[in-house]
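Below: a set of structures, written as structure tokens.
Look at the two complexes coming up: chain A is in both, with chain B in one and chain C in the other.
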Partner chain A sequence: MPVIVVLLVVGALVDPVFLTVGNLTNVLQQQSALALVVLAEAMILIAGKFDLSLESTVGMAPAITVLVIPASAGQGAGNTGLLAIPLCLLIGAAIGAFNGFLILKFQLSAFVVTLAMLIVVHGLHLGLTGGKSLFELPESIIYLGGATWLGVPASIWIAGALFAAGIVGLGYFRAGRALYAIGGNADAARAAGIRVDRVVWTVFIIGGTLAALAGVLETGRLGGISANQGVGWIFMVFAAAVIGGVSMDGGKGTILGALTGVLVIGLVENVLTLKGVPGEWKQLVYGGIILVALMISRVAGGKAQD
Partner chain B sequence: MSVHVEARNVTKRFGPTVALNGAGISITEGETHALIGRNGAGKSTLVSILTGLQAPDEGEVLFSGEAAPALADRDAWRRRVACVYQKSTIIPALTVAENLFLNRHQTSGRLIQWGALRRNAREVLERYGVDVDAGALAGDLDVEQRQLVEIARALSFGARFIILDEPTAQLDGPAIERLFERMRALREQGVTMMYISHHLDEVYEICQSVTVFRDARHVVTKPVSELPHDELVAAMTGEATTDYQARSRTPGAAVAISASGLSLRDRYQDVSLEVRVGELVGLAGSGSSGKVGLAETLVGLRRADAGTVVINGTAVKPGDVPSALRAGLGFVPQDRHREGFVPLLSIAENATLPIAHKLGRFGTVFPSRRRARAVQMIEDLDIKTEGPDQPVGDLSGGNAQKVVLARALSDSPAALVVINPTAGVDVKAKQSLLGAVEDAVERGAGAVLVSDELDDLRICDRVLVMFHGRVVKDVPRGWSDHELVTAMEGMEE
Partner chain C sequence: MRFGPVVAGAALLTIITACGSTTEDAATTGGSGSAGGTASGGKVGIDLPRADSDFWNSYSKYVPQMAAELSVDLMNPTNSQNDVAKLVANTQALVSQGAKVIVMAPQDTGAIASTLQQLENKKIPVVSVDTRPDKGNVYMVVRADNKAYGTKACEFLGEKLGGKGKVVQLMGALSSINGRDRAEAFRECMKAKFPGITVFDEPTEWEGSKAASMLQTRLEQNPDIKGVYLHAGGVHLAPTLQVLKAKGLLVQPDDPKHVFVVSNDGIPQEFDAIRKGEIDATVSQPADLYAKYALFYAKAAAEGKAFQPGPTDHDSTIISLPNGLEDQLPAPLVTKENVDDKNLWGNQVQ
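On to the complex of A and B.
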């Protein structure tokens, strides 16, 4: 939280455009897709697991959907276009379920499994699309990412609603609290009657689904699916989660915290763009600022990070 | 009195290992029943079968004459039996209140009612007289408080049978007394208890009957009044054992460990001590006396605010373990699971960590030399293992502790600091651990032995008693329990 205030002040000093409603709405819209992945990762981290493959799902799920349901489908024969988003989410859920299957049934390390899946899923994306970007997409899949509801982009509403659901779900539902118990001490959770495997599996499936939804929003915002959609996001996702106070060791952190992490990342990026930092130096400055943000949240939080 | 809990002819195998072999136990309603056995006798397996975490391969479990519920029906199990496990089942990142009501939070509809949950938690804590703030993070509690919370949680399910699995292993004297008070009060309310401990005196103090397991089998069940101490030990070990005989020796003139003017805020103040070569000095005191903090300062795990430590004539850098090791120190840390060994690594690797540089040149390590050293250590310390390549995580508590001691002794240390070496270790392992410490002292090491157990301290040439962070007494060999305990409780002065 203090980091966000600092960023808002810095941003305002750097450029007067920064604090306008238009600019901030823009930041939120740009971050909404990433935010959903952070939400997914935060839940998985709290349950004491890992999912690196989410970033590949962001690109792959909508790409496959578009290949199955071409742009023309929505107009003529039946309304297969309406199935686009459900299909996309289903693909995400299936990837999550498969991750869960390997991790829980085969007792493999979540880190390694999802690292492999990151490559497999992205490879599938490249292979099936021939490495080309996809344009002329069905209206139904573009709609959510571009629409405006009550003067605010739909993607902000969606991300906001899902974060609200996440905050309530992890704060006020047994299933949500089970994540903390499992991440904090899985044996104790089992002893308390929590079905650890079932909960973890569900979290992976929800995670995959959210990543697919993020893919839909990103596709709609950009109007096309590049071969690189989602690539490299996972670093931002982890940075956002950790800045937001989610522990990499599991059992600690809140969804609200994760949300502040996303906002920090978004504001930093925005400030850099407004300041006109040259492209080739942006990465360096960006990484440096994330480190500083980590240090500030560590000092403000008062506890050692783990 | 009727039988409350019974396990009949229970057999449980894990792969080729038979953990329980037709063993059984029968506990009368309202009694406190001790279950005793050496490490690996099958006690923990029986606990997991009696709590419904594992099904027996053969045999049956009965509660008040009725067959036990199905394994999947956790709630039914928890209404019958509660367990305070050896390993804490508290989740540190959650509040005390949430730990109490984990997975059975108060809800309206499906939403958790945090207010009601906290109120109920306060009620439960109050009912069982646990003076802990329900809103505190469980991780911030000390061991005793955490255990009380676990007991309150266990009872709040309505179970009338509690298993206490080595509850005193991490408590100091006064805390153990308070736990026993509580157990007596529970017994008066008609609660049946099964009590597991390596401390045989506790069995006589708190239990009415005792069952002994040995090598996965039931050996004997008797009222404690009919089973004197030596017969109990004989039943555990399968042989008559004599009490450990401490050896006497004459310390040399040179100083192995010396500390002067050591102070660490909230731990101890202005402590000076000198341990000569060939001398074994005990450190005694309650949990808050600062004895462990002092010992950890000597080895460099903690950095004192003031004062100096000299090991084997070298002034070591404060708070720096490598510098102490270079000066010729070996040590056994307090918590073997946390600081003592790397569970996935083999015995050979664990035991030779400090001397890896001597097993090859230029940073290489010869596996053959390492193996040879490890075989020697296994023999010297009588470590029960399949071989030097077995991971330490697979060993029982006593044997894992021997590996930790082997590591401390691996470099023929001139100075030795040993903290609670016999915690959670059975009678025989205890004797060989203490014997190995004495051997090292006879070879000329100066040693400090910190222990919560008076019996361990008997091997010391003198015992320094600490109270509230100060050394209050220097007791030469030949002390009585009473003498030492009064000093530890600060009753002199």
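On to the complex of A and C.
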């Protein structure tokens, strides 16, 4: 939170456009897809696991959907058009379920399994699309990422609603609280009667589904699916989660915190673009600011990060 | 682990056998290909730089086709996935399989130097496509003049805007020589010929997501931006159109709200957008000529021919580099007037 205040002040000093409603709405819209992946990763981290493959799902799930559903079907608003998004989410859920299977039933390391799945899922995307960017997509898959509801982009409503559900779910519901118990000490949670494997598996499936939805929003925002969609996101996802106070060891952190982490990343990008930082130096400045943000949230939070 | 080691072993075995059979198939097709042509001079090994870009996918489709036309004894292409370490390993594998000439497209132009040195020691000539290695001798560089892309885009935008206003340049990765050449040439030309135009540089790292965010933010800050230069249509076109559409700026060229867009690459989607009046021009990077002349020079190298700097028979010029020669292929500017030209490679792919 204090980081956001600092950024808002700095941004306002850098450029008068920064604090306008239009600009801030843009930032929220630009971050909405990333935000959903951060929400997914935060839940998985709190449950004490890892999922690196989410970034590949962001590109792969919508790409496969577009390949399966022909472009003409979307225009007539026929049955196939309506199926596009459910199909995409199902692909994401299936990837999450498969990750869960390998980690829980096969008892492999979550880190290495999902690292391999990151490559497998992205490889599947490249292989099936032949490495081509997909253009002129059916309206059914573009709609959510580009539509405006009540004057605000639909993607902001969706991300907002899901974060609200996440905050309430993890804060007040038994199933949500169980994630903290499992992440803190899985054996103790099991002894306390929590069905650990079932809960964790569910979290992986939800995570994959959220990543697929992020893919839908991103596809709509960009109007096409490049072969690299989602690639490299996972660094930002972890940075956002940790800035927001989510522990890499599990059991600690909040969804609200993760949301602030996403906003920090988005505001930093925005300020750098408005300022016109030269390309050669942008990565250094960006990485540096993320480090400073980590330090501020560490000092303000008072607890050691791990 | 509840699954026995037997299961795991069996699974591994299946994977290995499966792999084995594909290599065998590939080897057979490669063999029959070479039997068909009247190849001379020796086998040509080729490494493709990446499998995730529209331009390079078109190039890789032209390679076997051109090899058949020129009757080059082509080995199965390898792919280095934009990773110089893989390129080095692939080159070694191709050489040990008997390649007499290597065609490569090193995306990292510095780190390939010692490999070029090793190939030279083995007397294996190298044709470098699209990029010019910083060090190490090459037989020929086959490349379009990327500075000319930037200059052509600048001249087109400058004239359309009447020498004043604001333009955005969506740049590629600055670690690639092609991205740098385009950016510098565009900037220098604007400074020299159209000093009244303000240029905003956006370092998009060839990423559509960053391009969309940066363009959207810049338009919010400067709603009077009238021109955009895209370094790569493959990644920048869809996001640019989407941002302009959301802002209500995707209108025909005769509308005063029109934002002039010049792209780079020459893929079919850019041609469609030009026909619809959504963008105004693109510089066609000749994927077909890249493949054709890469193999042409590879064959010539295998036959021991030598070339001199100067104009060629295919509208290009060979220039002399400290470490070899470079054939600078022509890259035409495509506008509404010539977008239906059958000779453009973007009109030949399906």
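Here, the second predicted complex is superposed on the first by the 302 of 306 C-alpha atoms of A that agree within 3 Å, B and C clash if a C-alpha of one lies under 4 Å from a C-alpha of the other, contacts with A are read in each partner's own complex, and residues count from 1 in each chain.
Definition applied: a residue touches a chain if its C-beta (ideal position, glycine included) is under 8 Å from a C-beta of that chain, and two chains touch if they have at least 3 such contacts.
Model, not experiment: these values are computed from the prediction.
**Student:** With the two complexes overlaid on their shared chain, look at chain A and say whether chain B and chain C clash or fit.
**Tutor:** fit
**Student:** With the two complexes superposed on chain A, say which partner A:Gly169 touches: chain B (first), chain C (second), both, or neither.
**Tutor:** In the superposed model, A:Gly169 contacts neither chain B nor chain C.
**Student:** Could you look at A:Asp187 and tell me whether it touches chain B, chain C, both or neither (first, second, both, neither)?
**Tutor:** First partner only, chain B.
**Student:** In this superposed model, does chain C or chain B come into contact with more residues of chain A?
**Tutor:** C
**Student:** Answer with first, second, both or neither: which of chain B and chain C does A:Gly160 touch in the superposed model?
**Tutor:** After superposition on chain A, A:Gly160 lies in contact with neither partner.
**Student:** Considering only the touch criterion stated at the top, classify A:Gly22 as touching first (chain B), second (chain C), both, or neither.
**Tutor:** In the superposed model, A:Gly22 contacts chain C only, not chain B.
**Student:** Can you work out, in whole Å, how close the C-alpha atoms of chain B and chain C get once everything is superposed?
**Tutor:** The answer is 13 Å, the least C-alpha separation in the overlay.
**Student:** What residues on chain B touch chain A, complex-wise?
**Tutor:** Interface residues on the chain B side: 53, 74-75, 78, 85, 87-94, 98, 102-105, 107, 110-112, 114.
**Student:** Could you pull out which chain A residues touch chain B in their complex?
**Tutor:** 168, 171-174, 177-178, 180-181, 183-185, 187-189, 191-194, 247, 251-252
**Student:** What does chain A use to touch chain C in their complex?
**Tutor:** Answer in residue numbers: 15, 17, 20, 22-23, 26, 30, 105-107, 126, 130-133, 135-136, 146, 218, 221-224, 226-229, 232, 269-270, 273-274, 276, 278-280, 282.
**Student:** Note which residues of chain C are touching chain A in the complex, please.
**Tutor:** Going by the criterion above, the answer is residues 1-3, 50-54, 56-57, 171, 174, 183, 200-203, 206-209, 212-214, 216-218, 220-221, 234-235, 237-239, 241-242, 245-246, 269.
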